[in-house]
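Okay, so chain A shows up in both of these, paired with chain B first and chain C after.
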Partner chain A sequence: MNLYLKLLSGSLRSRMQYKMNFLVSSLSYGLIMAVDFILLAAILQRFDDVKGWNLYEVGLLYGISSVAITLYRVFCVEVHNFERYMVEGEFDSLLIRPVSPLSLLLTKNIDLSRIGGTIQGILILVISIIGLKLNNVELFLLLIYLPVTIISGLLICFSLGLITATIAFWTQRIKDFQTFTLYAPFNAANYPMNIYPGWLKIIFFTVIPVGFMNYTPVLFLLNKGGDVWNLALPPLVSIVFLFIALRFWMFGIRHYHSTGS
Partner chain B sequence: MVYWILLQKSFMRNMQYKVAHLINNAASAIFGFVFIAIWVGVLQGKENDSPYTALDMTFYIAAVQCILWLSGFLTAGLNIHNGIRNGAISLELARPTNFFLYVTSQEAGRLVYNLFFRFLPIGLVFSLTVGFYIPQHILTYFFLCISILFAMIISINLHYLVGISACWTTEIDWAHFVNFTLLVGLGGQLVPIDLLPTPLSSITPYLPFAGAIYYPVMIFLEKSSSEVILIQLVWVVVLTCFNLWLTEKARHKLEIQGG
Partner chain C sequence: MIQAQQLNKHFKIYETKKGFIGSFSSLLSTKHHVVRAVDDISFSIEEGEFVGYIGPNGAGKSTTIKMLSGILHPTSGKITVGGFSPQKKRKEVAKKIGIVFGQRTQLWWDLPLRDSFDILKEMYKVPDEKYRQFLRLYDDMLQIGKFMDTPVRKLSLGQRMRGDLAAAMIHDPDILFLDEPTIGLDVNAKTSIRAFLKELNENEKKTILLTTHDMDDIERLCSRVIVINHGQMVLDGTLEDLRKNIGLPSVMEIQYRVKPNTDDIQLEGIERMTWEDEKLIIDYDRSLLSSPLLLQKVTQWGEPVDIQMKEPDIEQVIQKIY
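This part shows the complex of A and B:
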């Protein structure tokens, strides 16, 4: 943990060597993440709701999803950019260290320029929670549960990222897979799942289970349906999915063949 | 013609990755389905209050998702900034070719590739799932071709502008983010710009971003007159002239060190 904190401060110091670039990059990344929401706000200002979900209710989903994926982009940058290790043959150097390759990847680097997206997500959450005008009990329950749903989302995102990275053991390049396994599903998770056709819903509640991250608990927390089990499902699903992803990663490492020299 | 050969080579280079690109197309289609679902959900029971029906918006989003591959998803800074970082720009600017055409012809080759392996397959997916609008007037096809060509030139110019700015700023990540955000936000990717709140809906029709996405789509859907091509033409001329001027400025700024 000490090592990780040192890495964190080192990464922050190195980014601060180019303060202006760091600030503008973070700000512009936050801006690009926010633009979809601003456009959605423009739509809902005119048409009130999307299948019974108003702007603040969608904002809650949007904020949770945004914070989860941007935290993944900040802290799991080497897992996300794993294809570099395959294309440039750097993975061999991880295998000969006395620590597991995954631990090395997770502690090697962090990408603080993505933190702007996290701040933007938190801002949307704050605005949405204020706009929802919940009573004290509902607000207390939501605030208590919010960290659980964000951590569950982060674990689901990390698991999807790890599964995609594992594919690189066979395909080398994974950037195009990531659009399919991460960007598109997390974009979909910004909005309520009841707007999607059945086949998309099946995908988002099974093979790419992003629907459990925010939609399932928020349904119950906003009195839109479900029961207390809706609150238990996100952590349960994320832990099971993480277990599957780790097993697949180990399977991938066992089948890794170095290109040699 | 050297620029034609560069275009062909760029097309062939992209052919190496066509399987990965076909997988990516599936994701692009999912983005489209998500946006279509949002609009169908929003317009359910409210079509009378909207200038667009749910079917209109389905066709609109399907067309946008296709055209994004011709005028939205271009190479960041057209890779000019990489040449500035590793010094290759000095050789590229010293070549007896026009640097602007040298860079843009390579991107044009990539866009021609995108036409066959991105635009058409995604269009086919939408045609088979949610349907696709078929223009009723023969002239529409003619104006559509011109509008798409202008949209590509506008977008190439915007990305070139971001790339060449690296001669002064070195880093272009933030400029690319901002350019892309404006392109999709004010270009009408999710919301047709006439539905944006005022004053945005009054200003955006005259900005280049609308010319890159919104106008070709509206011409395709026969919801806009062909006169909007004139707005696109103005931006084509203005941006091209500005970039040529900026390239000359960059050439004068260039310092070659070492020996």
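This part shows the complex of A and C:
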């Protein structure tokens, strides 16, 4: 823990060395998120019903997934940008320490400029929950369950990010893979899964299990179907998926090729 | 301390074609050739030895060091470092070794040197008292105190290398792997780093494995030399064994005002004389022909305007071992 704080404060102070850059990147990211939000609201205003999901119900899905995804972007920035370690051969320096390379990656940096996205997600959640006008029991259950689904979602995002990063052990570059394994599924998870064709749904509930991040539990919480199992699935799936991702990562490290001196 | 048995590391190099379609098809193709970066190398290094590990670029030096430190997994063969396999017990081995890569700093680039040390202290769980001793000792040996509070990116190459060396010693490892620690340094910086390494080896009894391109490093530091070329071991012996094979290779460059006729000059110890316009480059063996004597000779042949001693090219030196 002590080491975690030391490393983190180190990385923050490194960032602060370039004050202007830090401010500009935070500001521009906040601006992008704001535009994104306005666009979504505009779209939802036009279609007040998406396959049986109203504005606030979609808002709930969107809020959960965007909080989970942005938390991943804040805390797992070095996993997300793992390509750099392969292309520049920096991974060597993680392997010479008596600490696991994954913990070194996770402590090396946090991307505070992305925290604006998390705040925006929380805002959407608050607005949606107020708009849903749930009865007391439903509201209580939802509020209790929110942290569980967000943490499960974060774990699923992290596992996807880690699996994609592991691919870099063979391909060096992963930017193109990320479009398919991260950006597209993350986007898709913002909306109800029943709008997608069958084959896509199968993918989102198996190899890229982003459907479990929010759709599965919200279905039950909003009385749209399913049973109490829908609440147990997200943590279970996320833990199994995390286990698979970690095993794949360990397998990848064994195949690490390093770069020429 | 360090054992390697029949160590092999083969890389598969897949052929890549140009263009988008080409790179896509090469993703699926299995056409490749195998590069034997390390080819059946065995050695054993005892406690307190100072071993030079030399060879031309791409000979497999760095690959070997990366396998010994647990970064790479060998294709086949067995390694033990400080009693553990670096592949199976990487973290245990990491506590026993210090590593310096001359081409790449292990320090936190944007932070003052002191902060890098603080982070490493936590990482290796060094007790406070030991850490204070470390700072005192290494300020003595490397004079790092003067730039402890300067961000690493503002240090000179020589200062940075001293910082890197100290950082590698923070957990007081028994074994040191140094991959070209003197690369790019000026003479003064090289001298101070050599003095430091010698002290580490002689007084602190550290076991050191050093790769270098600098013949001077080898001659001044190493009691034992392992030479590899194309991944294979070509020599494992004392510095004397190396000398028997290659002598003391040296290079002198003389710029003459007018090019003298040197066709009939026969001098024992001169291996090669090449002309570049008015500049004469002499490769000679210092064990057969002393530098002062050669200096005297070259001034007799003509009128030199400039004379320089050059580092011999290690690639050429290695070729002589066959």
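In the analysis below, the second predicted complex is superposed on the first by the 225 of 261 C-alpha atoms of A that agree within 3 Å, B and C clash if a C-alpha of one lies under 4 Å from a C-alpha of the other, contacts with A are read in each partner's own complex, and residues count from 1 in each chain.
Note that in this section contacts are C-beta pairs under 8 Å (C-beta built on N, C-alpha and C of every residue); 3 or more make two chains touch, one makes a residue touch a chain.
Treat the numbers as computed from the prediction; the structure is a model and nothing was measured.
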Which of chain B and chain C A:L200 touches, first, second, both or neither: first
Contacts of A:S28 with chain B and chain C, given as first, second, both or neither: first
Which of chain B and chain C A:L39 touches, first, second, both or neither: first
Partner chain(s) touched by A:E138 [first = chain B, second = chain C, both, neither]: neither
First, second, both or neither for A:R97, with chain B first and chain C second: second
Doubly contacted residues of chain A, that is, touched by chain B and again by chain C: none
In the complex with chain A, residue positions of chain B that touch it: 17, 20-21, 23-24, 26-28, 30-31, 33-34, 37-38, 40-44, 46, 49-50, 171, 173-174, 177-178, 180-181, 184-185, 190-191, 195-197
Interfacial residue positions of chain A with respect to chain B in the complex: 18, 21, 24-25, 27-29, 31-32, 35-36, 38-40, 42-51, 113, 171, 173, 175-177, 179-180, 183-185, 187-188, 191-192, 194-197, 200
Sites on chain A touched by chain C in the complex: 2-3, 6-7, 10, 13-14, 17, 89-90, 92-93, 95-100, 254-258, 260-261
Chain A-facing residues of chain C, complex: 11, 58, 61-63, 66, 69-73, 90-92, 94-95, 97, 99, 101, 103-104, 106, 108-111, 115, 118-119, 122-124, 151, 179-180
